[in-house]
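Working notes, beginning with the structure itself.
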Amino acid sequence: MDHFYGPGRNHLFVPGPVNIPEPVIRAMNRNNEDYRSPAVPALTKTLLEDVKKIFKTTTGTPFMIPTTGTGAWESALTNTLSPGDRIVSFLIGQFSLLWIDQQQRLNFNVDVIESEWGQGANLDILASKLAADTAHTIKAICIVHNETATGVTNNLAEVRKILDEYRHPALFLVDGVSSIGALDFRMDEWDIDVALTGSQKALSLPTGIGIVCASPKALEASKTAKSVRVFFDWKDYLKFYNLGTFWPYTPSIQLLYGLRAALDLLFEEGLDNVIARHSRLGKATRLAVEAWGLKNCTQKEEWVSDTVTAVVVPPYIDSSEIVRRAWKRYNLSLGLGLNKVAGKVFRIGHLGNLNELQLLGCLAGVEMILKDVGYPVKLGSGVAAACVYLQNNIPLIPSRI
Amino acid sequence: MDHFYGPGRNHLFVPGPVNIPEPVIRAMNRNNEDYRSPAVPALTKTLLEDVKKIFKTTTGTPFMIPTTGTGAWESALTNTLSPGDRIVSFLIGQFSLLWIDQQQRLNFNVDVIESEWGQGANLDILASKLAADTAHTIKAICIVHNETATGVTNNLAEVRKILDEYRHPALFLVDGVSSIGALDFRMDEWDIDVALTGSQKALSLPTGIGIVCASPKALEASKTAKSVRVFFDWKDYLKFYNLGTFWPYTPSIQLLYGLRAALDLLFEEGLDNVIARHSRLGKATRLAVEAWGLKNCTQKEEWVSDTVTAVVVPPYIDSSEIVRRAWKRYNLSLGLGLNKVAGKVFRIGHLGNLNELQLLGCLAGVEMILKDVGYPVKLGSGVAAACVYLQNNIPLIPSRI
Amino acid sequence: MDHFYGPGRNHLFVPGPVNIPEPVIRAMNRNNEDYRSPAVPALTKTLLEDVKKIFKTTTGTPFMIPTTGTGAWESALTNTLSPGDRIVSFLIGQFSLLWIDQQQRLNFNVDVIESEWGQGANLDILASKLAADTAHTIKAICIVHNETATGVTNNLAEVRKILDEYRHPALFLVDGVSSIGALDFRMDEWDIDVALTGSQKALSLPTGIGIVCASPKALEASKTAKSVRVFFDWKDYLKFYNLGTFWPYTPSIQLLYGLRAALDLLFEEGLDNVIARHSRLGKATRLAVEAWGLKNCTQKEEWVSDTVTAVVVPPYIDSSEIVRRAWKRYNLSLGLGLNKVAGKVFRIGHLGNLNELQLLGCLAGVEMILKDVGYPVKLGSGVAAACVYLQNNIPLIPSRI
Amino acid sequence: MDHFYGPGRNHLFVPGPVNIPEPVIRAMNRNNEDYRSPAVPALTKTLLEDVKKIFKTTTGTPFMIPTTGTGAWESALTNTLSPGDRIVSFLIGQFSLLWIDQQQRLNFNVDVIESEWGQGANLDILASKLAADTAHTIKAICIVHNETATGVTNNLAEVRKILDEYRHPALFLVDGVSSIGALDFRMDEWDIDVALTGSQKALSLPTGIGIVCASPKALEASKTAKSVRVFFDWKDYLKFYNLGTFWPYTPSIQLLYGLRAALDLLFEEGLDNVIARHSRLGKATRLAVEAWGLKNCTQKEEWVSDTVTAVVVPPYIDSSEIVRRAWKRYNLSLGLGLNKVAGKVFRIGHLGNLNELQLLGCLAGVEMILKDVGYPVKLGSGVAAACVYLQNNIPLIPSRI
């Protein structure tokens, strides 16, 4: 029996781990297999090819490491950099903070560009740093594409533009954990050197694969990077890629078949349709927040995120209480405010394999809880605002047209 | 790959088959077993005991027949009646119609009491028939507790009262397919002789078990009933009950384990809480329909159903088009209007393992589709009305209090 | 938690229900669906087409009825015959006995041709009866292709030959429950009028679909057959076939998807390869029995069954004790001796999705139990005999060649 | 569809990943959940308590890291040691070799004690090194309890005895990947400082959790260990243990529920019974090998492994061909010979949730393949030898006695 069983579906609206589609759950419903048989390498080969499409890269080399996003970060850093290397890193929320903490503990010399939580990366400061760095002491720029704690999406094309403007050779390392497969992401076009995500985000799988994709330049850097690494070392993967057996140690058979199914679903819907769906759901969520008279934690329209919305509550309300009651009463899982915004924001994740009516159910639940904790919301107002928009932007399910 | 894959959850709001809770899906996720081993009888024994609680009977004998509701009907009739027997049967919608058709094809002499679709059983006529039947030529009263086609719930306590008033010995046979386990149902208190349901309704399983529960009087009747039957014969079950092996032929192992899990969930939530939840969701749905300015097919408050609502659309709209678009655009499955009300009503099933936010998502979807087919609904209005009610009737999830 | 958990796999060697392959378990691992959406009819259509291939018929009409084999029997009989009709039926074991019991209870005039248990149908008597029946009072010949209780396979081609010889118009009704999809079966070539099987046998699904396939002549007969039937009536199916919605009442969504997967597996292996595999496993089992110095219940080679072997134990041993200990000690499920052969035989089912090493594990287990109950078997002898044969008849897994 | 589908069960006899019991597969068959809800910490708490029982420790602190055995190694080393630290490590096969490779790449000063492959750790040399190390320059002893490549089990009690004899304070680090939960393992009694295993071994789960258990002394060492680590850092876990939320980053929800089920099964069978079962199956395998006239790669009885047997083939046979044919013909997955013994041995894993008849099926398969590749084996001989032993050592399934 589950702990704390509640009737009906759990409404999972944290920004990860996200809902797993039934066909993916089915694909993973299996016994273990010998990963040295002909079957697993044959499967792996298709995955390595197809996962690149999600990153929009043809030149990158993907590594599907049995780890989480935190491990994927570590793999990105340790394979490309050496202790003491100067890196520029943007601090705009809890996840960029944690990455920076990791960068420091891995002994890099981290030059932090901090923004107020709710703002995006300050690219002006980046520009000035690059301008000043004629000696190219900056070895890498580290940026979280979508800061899950505040619902802020950074402009990666602009980062690339600035790097190019100053002809700066720094590696461009991107955490795409809550963006890749959901937001517009173009590894090759934006000349990203390492991009990474986790299986439990837009790919809609359980936690357990950190996918790191390296550009040829990043691969080259890995040959001389002196950071100590073994488990996360790309070299071991490359050795087994060459052997055609692909795995330096035991992968999760279940996640491989799950990833196959997840990719098949993304391709069946069409990656562009998937991104458009996230855009529609993100917009609908923001319209609801506006209708409730609440503020989006994201301070400017240019940074709004289509995968997560952090909602600021009035000072007299504890946002954690909203999250608690949502779960207790309506089997609705919302994201807590983290660190600096703990108690001040709650988060609605609208990432992954979701559709309109799931979101509208969530929004209705949020309204009832808001009222319940004493916020004078007009019940139905947010749903109405979202519906007006959605009804004018009819989704097309490709297979049902 | 599924046929016609769509992103996100399917919103299943037909009045059956209904959503299967994850713990039940898990319980059924298994290989076959020898049903003659000690394990299956041991399991079956617990099921036969516990399923009686759903019928609220201690004196009844349940039969879990590998069939559908239609088969359960046939089992109820053929085990208790003989060809030519006069039975009184109420015709109030498609499912009572189909049962009557079956009764006629099984060669009973059916005395049909017809009501307009949307009305409940006409119990006044029943009373007059019973009054007139001093010779007790009427052998059985057949009634559908909840007519799924029109969302009409009949008053079974009243039927019993009338039978008692005239001290009429007719058997009292009840189709509880869309009521048992969801609506207030009291087999013993109402002195019902045969009650039946199907696994794919309130028990939230796949189709495949027709559960028929017989009173001692019905069991007695089965000894002399002359209707031809083999597969549906209770006698074969009773023989194997006595042997302690329980099954005259192969049951579905998966459904047995699924039923075990389904009963555990119902008991964990508490049967009274389950019924209260259906009542809350039914009321919320009707308030939404009212807010939309549409009519409930059910003509009087006394008959409204807490498991399904049939919504009447204006004459210029084809309700089938609503059902079609709901599925195509929003992955929302609604019930079609059937037979006399085809094209005129669509149905929202709110039966089984559902919670508030699932229903509100459905209602939002219905609003968008209504607008889309040209009905001048105010978007958000129905959801708002439902939310106001629901927010004042906070659900308590027992395990999370 | 399961009842009576034991470590490792259950070794399921009863002649049904049989092992479900993992891909089929996966396919059924799903929520319910609206069976009136476009998806379910589209799926059903492919099933009705493909299931005919298992029967080797192009002219037959299949009905996938939510029932067991017992229900499929009833459907076959009641749709084609009228009460009082004379039918010739062969009694050779428990399942033919049960079918005859049903035939009698359905009020047919059953002319039973009995053989000793362990022998096949006595076709000489059939011939003499047909010869004598110049008035064509015999309306149907009912035969169990493979008698599961004794491991006897009847010769259907010979039955057809005799019918043709006497130009007798009797319907030819065949129980193919433990043969279709596993043994050579040719509905069209042998001019069978109704053939039937159950989902839990060679199709390797859970119990729950009785598949009945009717020839044009049988369909024609169903128009005038007077047996009372509703649930099992083909007419209702045909009506919905014409409408393109296929289902007169709610099917099991899970079994439909499961059947799709099961058929895909059969076709991927190749139906001829499947039959050859059964032949190989049947032969290996019989060689083991011989090596143990035990008798096959089947009295002549011409009747041996490739789906089940009934092994006769010496008089001083109770075969039920073998079955009990196999389950208690080795998690091995064998078939009990039934009725006349209770205590005298145990049965090894080698039907369905099985391979060589599964069978050899079973045979080793049987040896240890035989020794354990006091039979002086030489341990390893049966496995050795089976291995010698199998090693000379190397299986080819089509996908791995 | 799977790649390379074959009929029947896959016979999985590699020494990992191993068979997952059905109840564990079921437990993992679920959607994602918010790991910050009250449910996941409540579940995690029970796991952390219960997993200690498998290690036989009450004083240890377990860490369930989302990684593989390789990651668990890295966590054990980097949390307790500093770069340059001298460690003594035993090289006796491929997995100890890989661990040593990791130790060197992590910049430890590795003092390798090498044995011939097929022999156990040379504890005499250990004794002499410890005797000489009066300055206590040796900071840790690293040993693989069960070398999976050669089927060698080292004597940990003896290692502890030697350490105690010389009152040497070196940390005692043990890879229990193919032993913990299957072989006799006593963390507290043997005063082991770090013991580790992977979920895909005796716990019978998918790959994905590396479980590392640290003694109080190891925890103390972690406070000053200077190896760079972030993802594998125990400190982050300890912080969240104190907070009661347990997870520094996202765990796999599915594996947590799976681990709960796996532990429940181990406790239901009884850990001592589980170990006895492995002993019985190991012995049976070795008897079969002997009967075939082949050599066990393990050179002395004192080292034989009850979880894996490496079988040496004659020089004229390529052991890889045996593995290939086993998979192609019989759906049997055996372990390849690795590195120094590639082509010379094949391996039979008898680890995890297995029973007698599964093993006997495997042994029969191996015999047929041996014959097939030209080795003059007497078919049935190995199975016979195993059966004689097993039949005299009847397994008792606790729930079925």
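First chain written, first letter: the chains are A, B, C and D, and each begins at residue 1.
Assume a residue touches a chain if its C-beta (ideal position, glycine included) is under 8 Å from a C-beta of that chain, and two chains touch if they have at least 3 such contacts.
Quick caveat, the model's predicted, so the values are computed rather than measured.
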- Task: Weigh A-B against B-D on C-beta contact pairs and write down the one with more.
- Result: A-B
- Over-half contact-pair match to A-C, picked out of the listed pairs C-D, B-D or A-D: B-D
- Item | Inter-chain centre distance, chain A versus chain B - centres from mean C-alpha coordinates, in Å | 44
- Distance between chain centroids, defined by C-alpha means - chain B, chain C (Å): 34
- Message: Using Cα averages as centroids, what's the distance between chain B and chain D in whole Å?
- Response: 53
- Task: For chain B, write out the residues touching at least two other chains, lowest number first.
- Result: 2-4, 19, 25, 29-31, 38, 327, 400
- For the complex, which residues does chain B have touching chain A? 1-9, 11, 19, 21, 23, 29, 264-265, 268-269, 274, 277, 327-332, 353-362, 364-365, 367-368, 371-372, 378-381, 383-388, 390-391, 394-397, 399-401
- Message: List the residues on chain D that touch chain B in their complex, please.
- Response: 22, 25-27, 29-31, 38, 400
- Item | Touch list for chain C against partner chain B, complex | 2-4, 10, 12, 14, 16-20, 25, 28-39, 42-43, 66-71, 74, 83, 101-102, 105-107, 198, 200, 206-208, 227-233, 248-255, 327, 333, 335-336
